[in-house]
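Same chain, two partners: chain A is paired with chain B first, then with chain C.
And now, the complex of A and B:
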């Protein structure tokens, strides 16, 4: 299992070279994250008292829900069924996707309109639907753009933040025959018109859910564009796909989450549209597809369960100095940045995340901004500790060397011995590099050529200043 | 209804891209609506929905005013169709701190506030709440009984291309909230 994970190593280092060399991407990312952060700071400063109170209440509510996740899920299902909603729970992505496909086909539909949902990205639902003859049409503008480009979202709340207007115009022109323009208003008007026809003829609409209320079986869907409202209300059949971690205990908890999500995600007082829906309208049908994959596992891990507090606002991504250069694509996982680093070991296996776990400076900015007060650096360190405990066979050479050092530092004499060897080791490496440089072909040598070895001091700091 | 609460609501709605209007009487409101309709280019069809918020008398006044001046051009409908240019509908409550209005599905057809490019929401002396918690404390029990509660805090918008805000992505491009 672990050797498989090792083979599937997420190559963040290699990806970072590609991402960093793309100057246009770097400029787009910098502008997008800085704009959102500024708006966020302004709105939270303006409403700090309400925000802080809502934040404390929301954290209590979510912790309460995580503590008894399985029991709360049972209660939610019971209440939703009572309201006439058909509920299905799956631990497996393909089984959940198969059920969604079955529902769509039972309505004689060959396409579906879809609003943004990170869980469906996690499940690769679009890929599954296409393989089974159903065309999924993303209707959130950012998701629509990345779908046309055949890419994955670059950010939790801004999927196309890595694209410039010229790139969007080019893709609209190439795929949909839109006349080339640099006017963003014209591009959005074109997308509105193109997607409006799809909404009006769709038989099935798919949305996610930002929150699911255990007490009433209701869900809350929050958005700015109106596409989720259209997916919810225009087609006869609505399917909501969400993870078990979205549960909150009471209906009265909703305002606390609304207060913090909009401000933290997009720097708005409140998103343009909030729909809290408890039952389908007359003549309409509603399904809940709930995915539990890894959720119970995380909830039962005492040191990790706070990850499930996450409301997917994306603030940790905006502020992360590594994410600001890589975007989600650099992490090869649905979720990039700090939230991705916390979740990936559960989904990809910890050995596969060896490089990913290093893709954090542990600066703590994410912790200071997280509306749900998740101690992100602490969780990343805990993952690193668990990684270090793996047997050497499942680790890279770098980790094995680290492991050897770690072992030798446990005992005074072995520590002293290893330390005394370091200056010699560096001198040997330096001489060797001077001798072989330019003589032989050495893979990746160009990455090290021109770098100076740091001269190791003969004595340690303490020997130098206290043992004179 | 306190003037301060309305001013806070108006300022916040304005920040969100909408516009709040306070009128002295139903007649003044009907007159203002007529002006707004005239201000829009190439209006062919508007939907005016009767509800307890938008009573029959006001509706007749609006229909008369618009109908008298432009009977050959503007079709006034009671049923939503995809080609409606403007919707005139009611709402239930104002949430001042969020610059938002709340609508429940028992009273309103929520699609009417979503499909046309311009949405005018009107209500006589609505209850105004300071923030979301206050409205949920007061009416949370009622909200649980209805199928859909929608909170609207501005026109439809997107910032998905280079973070530039563009109104009217899928829903209305313009939103007017009136009280009288």
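And now, the complex of A and C:
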């Protein structure tokens, strides 16, 4: 297991070099995240009192659900079944995907319309369906674009934020024969009419769920394009796929979450479409496929369970200086950025996430924006602590270097006398390298153009101060 | 805060300032003396333990934290002033997460960041602050997000006559890209984040950069020098010292 994890190391540093070298991508990412953040700041500034109140209530509600996740889930299932919904719970992705495939095949369908769902990305559901002869059609515009490109979503709420409108026009032209244009309205209208036929002829629609209400067995789906509502109402069979962490206790909690989600995610006062539903209409069928993968494990981990508060607004991604350069692709995980770093060790194994855990400056802006007040830096540090405690058998060279650094720090920085030895070391290295190569050379630092080593002055503060 | 003439202050000198920017520490002492405060500088100051803590080596961090607590429990000072947001945040917010032999609570209450101390004690009002020109003020992340100190340094900047200062909004740019071990583990990202930050400063036509944390200053200075950007970097204490001359 351990060596397996090591082989699967997610090479974030290598990815960062690739992503940084793509100037166009960098520009798109910066523009997209900055625009959303600006809108978010404006709308929250204007409504801060209401927002804060809703935020507190929402946090209470969610904590309540996480506290007894297994029991609450049972209760939710009972209530949903009572309303005539067929509910299935799986811990395994492939078993959940197999069930979905089975349902679709039993309706004699060879395609399905699908609205945005990060869980289905996590499960690689589309890949599974395609392998089994069913074509999943993404109907969220962003997801539709990413699917055409054969890529994975770059962001939680804006899957195609790394694409410029020119790139979108090009892919529409190449894949769907849309005449080239730079008019966004025209492109949207084109996608809309293309997808309309699919909605009307689909036998099965798949959606996610933003919230699952324990008390009533209902789900809330929050969106802006109306595509999820169509996936949920037009086809005779609706399958909602969501994780166990989506639970909230009461129906009356929904407004609090509505208040914070769209403001935090897209900077809108309110999202355009909110669909709350439970019992299927006459002649229709509704399935809930609930995935519990790693959810109970996180919920029972006292130091980590706050991660499950996350409502996937993506604000932490927008503000993260590292995510702004990598997008989710750079993390090689469904969820990129701060939320991804928190979740990945549970899904990929902590040793595989060593570089990912390093890829945070711990600046804490994610924490300051998080509507659910998750202390993200603290959780990242907790993961790093667990990584440091892994047995010697799984040591990597990097961790040995870090441990040596930390240990020597502990020794040298305990006293003022030893603290002053470090600059002597630096100055000695400087003189030596000047003699040999005629310039100051620290192998590690010099390798990277764009950064000089700051020269240490002749005397440290303590030497100078206590000399007097 | 008590009357400024009666306040007793002890200083904590962060590693980077001791090693790379001793002038900053002398500036801080200078400024305090001008305000009528005679600060105490303890011998044998250890590092606060932040590097080990952030990297996940909490035993190493705890060893240093214990030394810190032992040293400063010997002082009768009312405040321990730290010219660094991240070191102050480490002691104030994180010591409680470490397994220490003695309680850190009393010491944590005494810890205060330099600009916050200058503002809350009204000490800055004793200075006749003047500056001709414009600067960029960088809100160091740990100062802002961990200690939640935003207004204190800005209010002092506002009181400086002749000074125009600019800052970046959260959607322009945030972190300087240093991040301690991050700058070593992810050098390309670290440099890119720093470069974009400095490009923003250059676009504002500014050539002086002020921040409350030596970490940010060291990183950005190293980026600026390598790219020949001709930006001058001042620690907040140095800048205040300069403005009061």
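Heads up, the rule we're going with is that the second predicted complex is superposed on the first by the 401 of 468 C-alpha atoms of A that agree within 3 Å, B and C clash if a C-alpha of one lies under 4 Å from a C-alpha of the other, contacts with A are read in each partner's own complex, and residues count from 1 in each chain.
Just so it is clear, contacts are C-beta pairs under 8 Å (C-beta built on N, C-alpha and C of every residue); 3 or more make two chains touch, one makes a residue touch a chain.
Note that the structure is a prediction, hence the values are computed from the model and not measured.
Chemist: Once the structures are superposed on A, label A:421 by its partner contacts, choosing first (chain B), second (chain C), both or neither.
Modeler: Neither chain B nor chain C is touched by A:421.
Chemist: Mind working out whether A:321 is in touch with chain B, chain C, both or neither, as first, second, both or neither?
Modeler: So A:321 only meets chain C here.
Chemist: With the two structures laid over each other on chain A, which partner does A:180 touch: chain B (first), chain C (second), both, or neither?
Modeler: Neither partner.
Chemist: Applying the touch criterion given at the start, work out whether A:404 contacts chain B, chain C, both or neither, answering first, second, both or neither.
Modeler: So A:404 meets neither chain B nor chain C here.
Chemist: According to the stated criteria, A:384 is in contact with first (chain B), second (chain C), both, or neither; which is it?
Modeler: second
Chemist: By the touch definition at the top of the document, which applies to A:50: first (chain B), second (chain C), both, or neither?
Modeler: first
Chemist: Of the partners chain B and chain C, which touch A:429 in the superposed model: first, second, both, neither?
Modeler: neither
Chemist: Taking the stated contact definition, name every residue in chain A that is touched by chain B in one complex and by chain C in the other, in rising order.
Modeler: 35
Chemist: Contact residues on chain B for chain A in the complex?
Modeler: These residues of chain B touch chain A: 12, 15-16, 82, 95, 97-100, 105, 110-111, 114, 131-133, 135-137, 140, 143-144, 146-164, 166, 168-172.
Chemist: Name, in rising order, each residue of chain A that touches chain C in their complex.
Modeler: Counting only chain A, the residues touching chain C are 12-13, 16-17, 20, 33-35, 37-38, 41, 319, 321-322, 325-326, 355, 358-365, 367-369, 377, 381, 383-389, 398, 402-403, 405-407, 409-410, 413-417, 419-420, 422-423, 444, 447-454, 456-457, 459-462, 464-466.
Chemist: Which residues of chain C touch chain A in their complex?
Modeler: 13, 15, 17-20, 22, 25-26, 41, 43-47, 51-58, 60, 63-64, 67, 141-142, 144-146, 169-175, 177-182, 184-195, 218, 221-223, 225-227
Chemist: Quick check: in the complex, which residue numbers of chain A touch chain B?
Modeler: 28, 31-32, 35-36, 47, 50, 54, 139-142, 145, 158-161, 163-165, 168, 184-185, 187-189, 191-192, 195-196, 199-200, 216, 218, 224-227, 229-230, 233-234, 251-252, 254-256, 258-259, 266, 268-281
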